[in-house]
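What follows is chain A paired twice: with chain B in the first complex and chain C in the second.
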Partner chain A sequence: MSGTDNFESVVKERRTEAVAEFHEDKTLIKRFQHALHTTPALVPMIVLIVSIILFGLLIGNRFFSAGSLTLILQQVQLVGIVAAAQTLVILTAGIDLSVGAITVLSSVIMGQFVFRYGLPVPLAILCGLGVGGILGSLNGWLVAVMKLPPFIVTLGTWQIILATNFLYSANETIRSQEIQAEAPLLQFFANTFKIGADENGRGGATFTYGVIFMILLVIVLAYALRQTAWGRHVYAVGDDPDAAQLSGVNVRGTLISVYALSGLICAFAGWALIGRIGSVSPTSGAELNIQSITAVVIGGISLFGGRGSIVGALFGALIVGVFSLGLRLLGADAQWTFFFIGVLIIVAVAVDQWIRKVAA
Partner chain B sequence: MAVEPILKGRGLVKRYGKVVALDNCDFDLYPGEILAVIGDNGAGKSTLIKAISGAVVPDEGEIFLEGRKVQFTKPTEARAAGIETVYQTLAMSPALSIADNMFMGRELRKPGVLGSVFRQLDRPRMEKFAREKLTELGLMTIQNINQAVETLSGGQRQGVAVARAAAFGSKVIILDEPTAALGVKESRRVLELILDVKSRGIPIILISHNMPHVFEVADRIHVHRLGRRLCVIRPQNHTMSDAVAYMTGARVPDTEFETA
Partner chain C sequence: MKKLLAGSALAVIAMSGAAFAQEGTSACLITKTDTNPFFVKMREGAEAKAAELGISLSSYAGKVDGDHESQVQAIETCIASGASGILIAASDTSAIVDSVKAARDAGLLVIALDTPLNPIDAADATFATDNFQAGLLIGQWAAAQLGDAAADAKIAFLDLNVSQPSVDVLRDQGFMTGFGIDTKDANVIGDEDDARIVGHDVTQGNEEGGRTAMENLLTVNPDVNVVYTINEPAAAGAYEALKAVGRESDVLIVSVDGGCPGVQNVKEGVIGATSQQYPLQMAALGIEAIAQYAKDGTLPQPTEGKDFFDTGVKLITDKPVDGVESITSDEGLGLCWG
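Right after this comes the complex of A and B.
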């Protein structure tokens, strides 16, 4: 230590002292902010519960019944499934604008392979799922290997896939009755089971297989994201890809797997779409893009990646469903639904920014 | 010196277009020592370190670890060989917990079906290990191993990064500017951490611009200039002004190596 005036010797001696201490501010707001930081799905959960109670009070039994509440589930099943796919991509700080297009093309392929080529139904369904996975992998390859921005990539593939969808299907709809008669498996997700219905099969809670699939999907993905290394890598890649790379995460592989899985889930959504609308229509599902992103954002998942939980996206989809059914039962103009959803989106992003301040 | 270097670089060359970042550079790290690498900005320190840690593949030259030739094409390969690097950016995911970050890329899975089929992480084991490593290095101020890294102070983050490297780096630990972003008190803590790690017998490569810190902890100082090793000096025989003079080219060292 030649040539210094030992300016650091003062701190050198006090070795036992803590490097930094936390004087935690225990005000209610701070604690709430901290709770949100650790459990980001809390906000949409509260909003969901509050809005159910609110509409329940305003409308009464017509809304607050097992039938109406499970109707909401049926109405959001598609958005819920696609939002699960969208969540994975957004967690990696990307965005997938092609979800709606992949959903529709997959459903068209499942239908046309049966009715145009006479393939066995299970094989046609497998083909549809395969195409979804391949298209997702294509997105992933363009994003991870070619290093193109996800927004641009999926903006492009959205147009390409949608155009392919119309060209291939020749804009032709396969009618519900035909499917019912010849390939009922395509409508598999429309099967229902009821709890608490009367002997005429009316009232009570009605669950379609699509709803069950949506809930199981969210549970499985929530497990994968929290409890497996792959899930941790998805978060790490979204948080800071360079840091993830340096700490030994296979960033490229993780990204491709996420986009591929997103495509596959969308293909399942395409199958569920046939169940939902009964027919195979190349013009359906157009609004799934915006709806899925809306659900994800309201669900408290950060568009900047690495933050949020998939359960939040399900809550986000349900909030939209509660608002649209509630407002309709109130007899309000449908535009009010969009009005409130717009407000919710902005509030959700503001809350996200506020939660991030915990770090600062 | 009779001892074989644990890590040896010979004739390393790396070009970026027309720029020669490493110009036939040699490098030696001996067991159990702290070797500081100093050099002006643009001298090629970072490229040298990246070549050793696998982040950059040198165009020419050879690297030997414990006498065996190694070729790293990815940081993970260097890690697998026992070379851990603490990057200046720390390479941590701010939103994830301390335990998650320590095990990033080498997670432990539960034994049995839960781990092999359901791929479930063994959180209790990872948390226990992380807590032990932090305690070993005296980072007891961190209370909750599950708190997000972004809620830690700069010194604590550095501490976690060093603990991660120390926990897994079996042969060599590389520290890139570990005190650059820290206050006086926190730097002090990190320097103690470095000496702690050294006392476990793991050799350390320390890249730093901070001459007092370098002269305090380093056993030898590798002065890097214009893409190559200018000389290796022992801090007790030189002043900080000498070192700065060598690395900026104001003075030419008498010998390339000092033995005493």
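Right after this comes the complex of A and C.
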């Protein structure tokens, strides 16, 4: 851009110079650090692959089979969907503690609107999704407009929504068999297709619609975050809201849209929850907030905002799933799962801090 | 700080105890959570009985199962309010003992509901389900139902959580005893070496946990044909997992609780048999005991041969077997809670 006469040769010269300079301090570790910085999903992906191989070697075919590996997908589908929502919020340097509460309240609304008020099932589902979006927007409004810290806002709405859930549902479970008979659409995400199953429908890879939804959701969001203006704004707001504001980003609008979308995704998770457990149960999903944050952190997404990829969150959820099933198959006490997940969280944050140094 | 507060509350009570006693009897009910239908029913039972006897009742609950702190605060509040007695379903049966002692020292009658304290005599009385008996009944039923096949059954155990609370241990080990499995140390889950045990996993007592645990144990051994579950939501989750692999009709699921959705599941063949307990009865009897104590200082007496007052447990199944007393699901539906 310097406007010299001999443009090409200048560029060539500069490039050789620059490369020579870099070579001096670019050790293998530095390169790795740089690669991690540009591709944040790399660490969780490596951990995921290594842990699958490790458990595969330790356990053998019972673990390393299409059936077991797709079972892990089914077991993490809820955490995976909610972690996608959580990722959006955390990318803006926020946190959403109300995700689990929104998920379960949405599922209860879908169920009760059908069974208590006799609404048509699609309408009840829309109501559930709408409530999720509205609750998310409320979080966003409190964060973006009222300027309250996200942790405090969602700590409050978490409890409000959960209490509403119990008050409204009166702790009543709607049984799987009733839903199947009267409102099968509520269990839509439980539908499966199998690849390579035997004639009895046993074995082989099993994918539920919930799993497919989770994967599609992550792909769509990954595209939106990387390739659209909105996505870049999300990163910008998380990195430095003041700089983003000065560059003409609508910070307030972006924040509200992120929380609203998070709420909507949680409502979809609520629908998937009905598919997963068959019934509508107000006591389910209570730990989704912690589980989703765990997945996001293990997935290498920085809690300080602005860095990380949503694919990493999916890997994070899968790592937890692999450890849970793997350790169960090894016959280990369930307590060990928590132990190793705790270790993974600390390691993930330590790696995040280390990667950050490359930017400094 | 906590101790200090309790202490000063005590002093206040000691000075003004006489004045409170004349203002009519009041009682406190402290449950584990407000979210579990079991405790909701317990509260309803207590409220109804309190209204009948003209006692004022205050209810408290932990935020989640295992929320010990809230229960300690509730006891302190009850002492300060000058209640005659406390009914408590303790989340942490050992840690709560100090607070319970403070209440008893202040002259309150403390009755443990549903869950015995550790040690059991830390409370004045315990009104509870015999959880070992509850497990024993479904174990005996499952063994009788299988007949000769019981000798090579493949049993999955869906327990509550990793901390192995007493209710978890009692039901699990009760089932084993009923089924004819050597429990080794009856205070610990997981030290058994019977080849029929496929494995234990934890469910948190809900559908999602039940489904995941069942999937895990099916991966350990796809030939599981008996499933013990800590409660009916876990059983419903296990059923979904079995349905997903087409095994729902050839696996025997047994459970404990007797909630209405659970009994309905027995009626429809989802659950083979369940042991029903009676939370409403526990609370109602507890309120009566406090009223009696406030009137003339009579302490409630435990059931003969047990160190607690047994509020009863019944086996519900539509496939009765010889030698195990049971009622049908239709009868069970008339008695169910939640």
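Quick note on the criterion: the second predicted complex is superposed on the first by the 336 of 360 C-alpha atoms of A that agree within 3 Å, B and C clash if a C-alpha of one lies under 4 Å from a C-alpha of the other, contacts with A are read in each partner's own complex, and residues count from 1 in each chain.
Throughout what follows, contacts are C-beta pairs under 8 Å (C-beta built on N, C-alpha and C of every residue); 3 or more make two chains touch, one makes a residue touch a chain.
Because the structure is predicted, anything quoted here is derived from the model rather than measured.
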Partner chain(s) touched by A:353 [first = chain B, second = chain C, both, neither]: neither
First (chain B), second (chain C), both or neither touched by A:173: second
Which superposed partner A:307 touches (first chain B, second chain C, both, neither): first
Which of chain B and chain C A:328 touches, first, second, both or neither: second
Partner chain in contact with A:230 - chain B first, chain C second, else both or neither: first
Which of chain B and chain C A:249 touches, first, second, both or neither: first
Chain B/chain C common contact set on chain A: none
Of chain B, residues touching chain A in the complex: 55, 75-76, 79, 85, 87, 89-96, 100-101, 104-107, 109, 118-121, 139, 141, 143, 148, 150-153, 155-156, 159, 184-189, 192, 212, 215-216, 239-241
Residues of chain C touching chain A in the complex: 34-37, 40, 64, 162, 190, 199, 201-202, 204, 206-208, 211-212, 215-217, 219-220, 222, 233, 236-237, 239-240, 243-246, 261, 264-265, 268, 270, 338
Residue numbers on chain A that touch chain C, as the complex places them: 62-63, 67-68, 71, 74-75, 78, 166, 170-173, 175-177, 192, 200-202, 206, 273, 276-279, 281-287, 324-325, 328-329, 331, 333-335, 338
Complex contacts: residues of chain A adjacent to chain B: 1-4, 7-8, 11-12, 15, 18-22, 37-38, 223-224, 227-230, 232-233, 235-236, 239-240, 242-249, 306-307, 358-359
